[in-house]
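Starting off with a structure, shown below.
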Amino acid sequence: MKPCKRIEIVIEAPLAHRLTERLRQLGAPGFTLVPDVRGAGDRGERRADELSGDSSNCLILIACDDQATVDSILEAVRPLLSRSGGICLVSDAQWLRH
Amino acid sequence: MKPCKRIEIVIEAPLAHRLTERLRQLGAPGFTLVPDVRGAGDRGERRADELSGDSSNCLILIACDDQATVDSILEAVRPLLSRSGGICLVSDAQWLRH
Amino acid sequence: MKPCKRIEIVIEAPLAHRLTERLRQLGAPGFTLVPDVRGAGDRGERRADELSGDSSNCLILIACDDQATVDSILEAVRPLLSRSGGICLVSDAQWLRH
Amino acid sequence: MTAFLGNLGSPPLLFFFLGVMAVVVRSDLEIPAQVAKALSLYLLFAIGFKGGVALAESSVDAGMLLTLLAAVGLSACIPIYTFFLMKKKLSTADAAAIAATYGSVSAVTFVTAAGYLDIQGVAWSGYLVAAMALMESPAIIVGILLYNHFGKRGQASANLFSWKQLLNESLFNGSVFLILGSMLIGWITGSAGMSQVEPLVKDLFLGLLCLFLLDMGIVAARRFRDSRHAGDALAAGQPLRLMVVAALLMPLANAMLALVVAGFLGLGEGNALLFVVLVASGSYIAVPAAMRLALPEANPGTYLTMSLAITFPFNLLIGIPTYHAMIRWLL
Amino acid sequence: MTAFLGNLGSPPLLFFFLGVMAVVVRSDLEIPAQVAKALSLYLLFAIGFKGGVALAESSVDAGMLLTLLAAVGLSACIPIYTFFLMKKKLSTADAAAIAATYGSVSAVTFVTAAGYLDIQGVAWSGYLVAAMALMESPAIIVGILLYNHFGKRGQASANLFSWKQLLNESLFNGSVFLILGSMLIGWITGSAGMSQVEPLVKDLFLGLLCLFLLDMGIVAARRFRDSRHAGDALAAGQPLRLMVVAALLMPLANAMLALVVAGFLGLGEGNALLFVVLVASGSYIAVPAAMRLALPEANPGTYLTMSLAITFPFNLLIGIPTYHAMIRWLL
Amino acid sequence: MTAFLGNLGSPPLLFFFLGVMAVVVRSDLEIPAQVAKALSLYLLFAIGFKGGVALAESSVDAGMLLTLLAAVGLSACIPIYTFFLMKKKLSTADAAAIAATYGSVSAVTFVTAAGYLDIQGVAWSGYLVAAMALMESPAIIVGILLYNHFGKRGQASANLFSWKQLLNESLFNGSVFLILGSMLIGWITGSAGMSQVEPLVKDLFLGLLCLFLLDMGIVAARRFRDSRHAGDALAAGQPLRLMVVAALLMPLANAMLALVVAGFLGLGEGNALLFVVLVASGSYIAVPAAMRLALPEANPGTYLTMSLAITFPFNLLIGIPTYHAMIRWLL
């Protein structure tokens, strides 16, 4: 087990591709993406029922044990969220080595 | 980054609507809902394969930075869970301001 | 509220059944499984778009308040992950009693 | 006997068997959940539309209205005796849920019986579809009333449950709403409307029913297996054997009752069969959804397993041809 | 008038109503999201293929090319005056998004109008499908150009937005790509190809359109309700009443314009109707997707609600038969 | 040559191209995952049912049994020489997985070839469907046996892998089970059953095949692109060029072998083509699923990319008409 940060991002579906592309460039060790997620927040309800995918969210989970990478990920996420909404949470976790 | 509570609730799908309605009334800042989730617990296996939606669960994630709201959410969740099953976990996280 | 461990596992879909079977044998108190999850990691991108289910992941969440059970779950997960990839994170949480 | 074998040998039924077999041999065959849901919506849409068009082409008469009345009446009465029978062995909540389940109807059993009649070339009337839609809700309400009267309702229940929500849940449940709506549209547009949607509504009906029953076979068999595995836990309160016996006897008893009523109503062969099948079947879509909200104390492992894993296959495989044979013989 | 009632009384429209009603009575009826998406892909595939085959059977002539040119031209001009009208009351971003929305087209409105013509037995030409596909993108580009010129673009936007991505997004958006591709394949394979896929592409068309419009009714009604609930929040910037009025007047005004152009082009009854419907409709698939990437400052609660929850039902229920009546009367 | 162009110009193949193009131009076109899965189940159901009905209408003879035997025999032998060839350049695990892949079959290639014959009006027999179903499993077992014998199995593998599970996985894999089951039901119900499900099973077949191949084009092209991107990482162990060459030569070599066997068996034109296509194709559903359980050391980036992104398109576009031309010329 090694300590790591657990980054959790909720972002609208049309932007998910852009974010995962960015994660790769920043050298994130990986990510897991839950598609077709609903939600509600400052900008009202998002029902994940529109054909444009416009009202669907994605939940992205990133485990990262390198603080510099964590910081650069957060730096990359911030402008996306401030323009288009969504949330980003960071917490501590233990990563099982295998 | 500001500290917040990360509330995670697993509840059966027919009750999800009722819970999110309640969250709104309680002034929760938002929520994210993952539909069509499977699981198993005290009341056996829930395969998410029935047409009534009766055996599907939802996973609901709430980030909340106001302890009073957290408490009122937990108060609202408890009777739902004790009647119909499910779980609720609370942990600490940092919320990225944007 | 009682303290517990929150185990989060990402594993490829064909192995999920095997893992949940194992969890039951080990006496895990329950689990929640999010199917059809995408991701990327050491072994490249997994797009969840193939008919064999071979490129889909599952996200499994286990809340467990018994350290011995936690350890035996991690012991059971490790060989699966080292053979087939995926990740396992452990963090602390509070479990709402109901 | 030939009807019996004919039914067992029809593709829809055989695909139901195939689904059961998939679970028995532990195959990973599975219809994706959203597609299974869409298939069930299709069946409700198709049977509703067909029923509505048939209704538009016939005239409303007293017999029809009497039949609808009888259907609603049975759907409200059956829960009463079911409740008292079940309460002897089970908790009040479980008894009430089982009562509601068997008072209500299974749309898929109805649809299969209609397909069975179509294959056999026996005519039936569109208003039976209306009967089906009307029979879904009363049983739910009676079940809850029984529970409210005979059970001691806990504190927790009180603040979760409102009659308004429940009425909404049972009257405008998605499947009830879709059948009624499609029937209304079929009735409005009549045969002109039918000519536009016929390839979907009629031609594909039996083929898609096959795929849907394949899924139902998988789901029913899984639930039966789960309930056997859970055997120990249940042993105290709800013995599996009791569940199996009750889930086999209830449809038979209700079918007998319906047969008598159908005789009084003077229904023809096809209509009588659909009437009997409605009364004999137990709900596993609308009722469980309503029960989770209004009666969460009731264990779906009991009422849902009975209706979905035992009564449904029984009616499908044995019930329909048996009731048909009896109707031929008696009416 | 009969056309009007005929349209309202056709199954597809009635299923749209049924979807709206489901939301009004708070039924839990819902088409699973992936199936709804698949239905929309089916409609694009079918209409594209049919259009392509029709194209293969006709010869390219000057009138056709002029019509396509006029279609693209209108799609690029409409955003300009829309933008300046909207900018008086709304933010630059919202005005640009609304401009793009109404310059672009709604494939489903087109498909419904084509189905309406089929039911009425009025002929139309395959190249109108090409017009539809060509009209999706120009409006997006003009909308963004307007915003870039008249709005002050913030820092954040700068690093997220690239013209290359945007062109890609608008030219190769999934639905545009599928229509164009299916049309091309229909054109290549002609009637030989059609004979292979006819049962899917033609026979099931109206039936599946019913199911799709059922879903659209649910989605549109939900969005309308949400926008009413959000009333207070919007009160400052985007008054609901303004939205409703604009979303009703714009299709009418654009339809008038299109009617004049159709007259000049000398289009026949069916083609004129489809042309007018294209111009009068507003996008709710391709444009919102592009706007979220290029103009996230614009509020989908405004432009998407207008096109999806107001203009779309208006065109479907009132617009199509009204435009048809006017064409009959004027051309 | 006309057959070749005819194949390339048929709607199903053109939709496969369209899917590939969608990935090339980076369109966001996508068939929802559950619907794609449902389409594949439909194809297995339809081809199985058709095969079963055809079987019911013919009589079992020695030729048929010999063909089935030859099919199973080839499916068990091909992995052996494939394994030794591959082991020269790749790890034991990868070699074994590739061996299993090419010994087994691709149901979609078979289905496309059957559609191709239908379009060309060439007859084929239902028992070829049985051959397809029987060829899925033996290769898996031989592949694992080869690995067990020639690879040193690690500790970790030992406790994860059980022959029982594996046999179950390969014999009752969802797709194998569905084909066999549908074939059995088609065989039992014969032409009476077919008349009930014909609109679904026959009429819609080619249209839905188009939509399915659209999805396959997207998936195959994505995987090919991913494997090119991953180029550097693979450079050490699995050179991309070797993969491409092997994935093109193997189907050709196996097709030659099958052609000889088909000649010995005296198969007619249609049956010979399906036989050759089965032998020449590589699995990308059943085998990868089994390999992830039994041989996770093998890299799907190698075996799955070869069968799905190279061999499958090759067989679809070039293989089928080439094999057909050769059969016409030789047999």
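Order of writing sets the chain letters: A, B, C, D, E and F. Residues in each chain are counted from 1.
Going forward, contacts are C-beta pairs under 8 Å (C-beta built on N, C-alpha and C of every residue); 3 or more make two chains touch, one makes a residue touch a chain.
This is a predicted model, so every value here is computed, not measured.
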| Going only through chains that touch each other, what is the minimum step count from chain C to chain D? | 2
| task | Enter the angle, 0 to 180° in steps of 5, of the rotation superposing CA atoms of chain D on those of chain F. | result | 120
| query | Which whole number of Å gives the spacing of the CA centres of chain D and chain E? | reply | 41
| said: For chain B versus chain C, what separation do you get between their C-alpha means, in angstrom? | reply: 19
| remark: Two or more other chains are touched by the chain F residues 30, 33-35, 37, 199, 203-204, 289
| task | At least two other chains touched by the same residue of chain C: list those residues. | result | 34, 36, 48, 79, 82, 91
| Pairs of chains found to touch, sorted by chain label | A-B, A-C, A-E, B-C, B-D, C-F, D-E, D-F, E-F
| request: Within their complex, state which residues of chain F touch chain C. | output: 30, 33, 36-37, 40, 156-157, 159-160, 218-219, 222, 226, 230, 233, 284-286, 288-289, 292-293, 296-297, 299-301, 304, 308
| Which of the residues in chain B come into contact with chain A in the complex? | 1, 4, 6, 20, 24, 29-35, 61, 63, 91-96, 98
| note | The answer for chain F against chain D in the complex is residues 33-35, 37-38, 41-42, 45, 49, 168-169, 172-175, 177-178, 181-182, 185, 188-189, 193, 196-201, 203-204, 289
| query | Which residues of chain D touch chain F in their complex? | reply | 9-11, 14-15, 18, 21-22, 25-35, 119, 199, 203-204, 206-208, 210-211
| message | Residue numbers of chain C touching chain F in their complex, please. | response | 12, 14-15, 18, 36, 43-45, 47-55, 79-80, 82-84
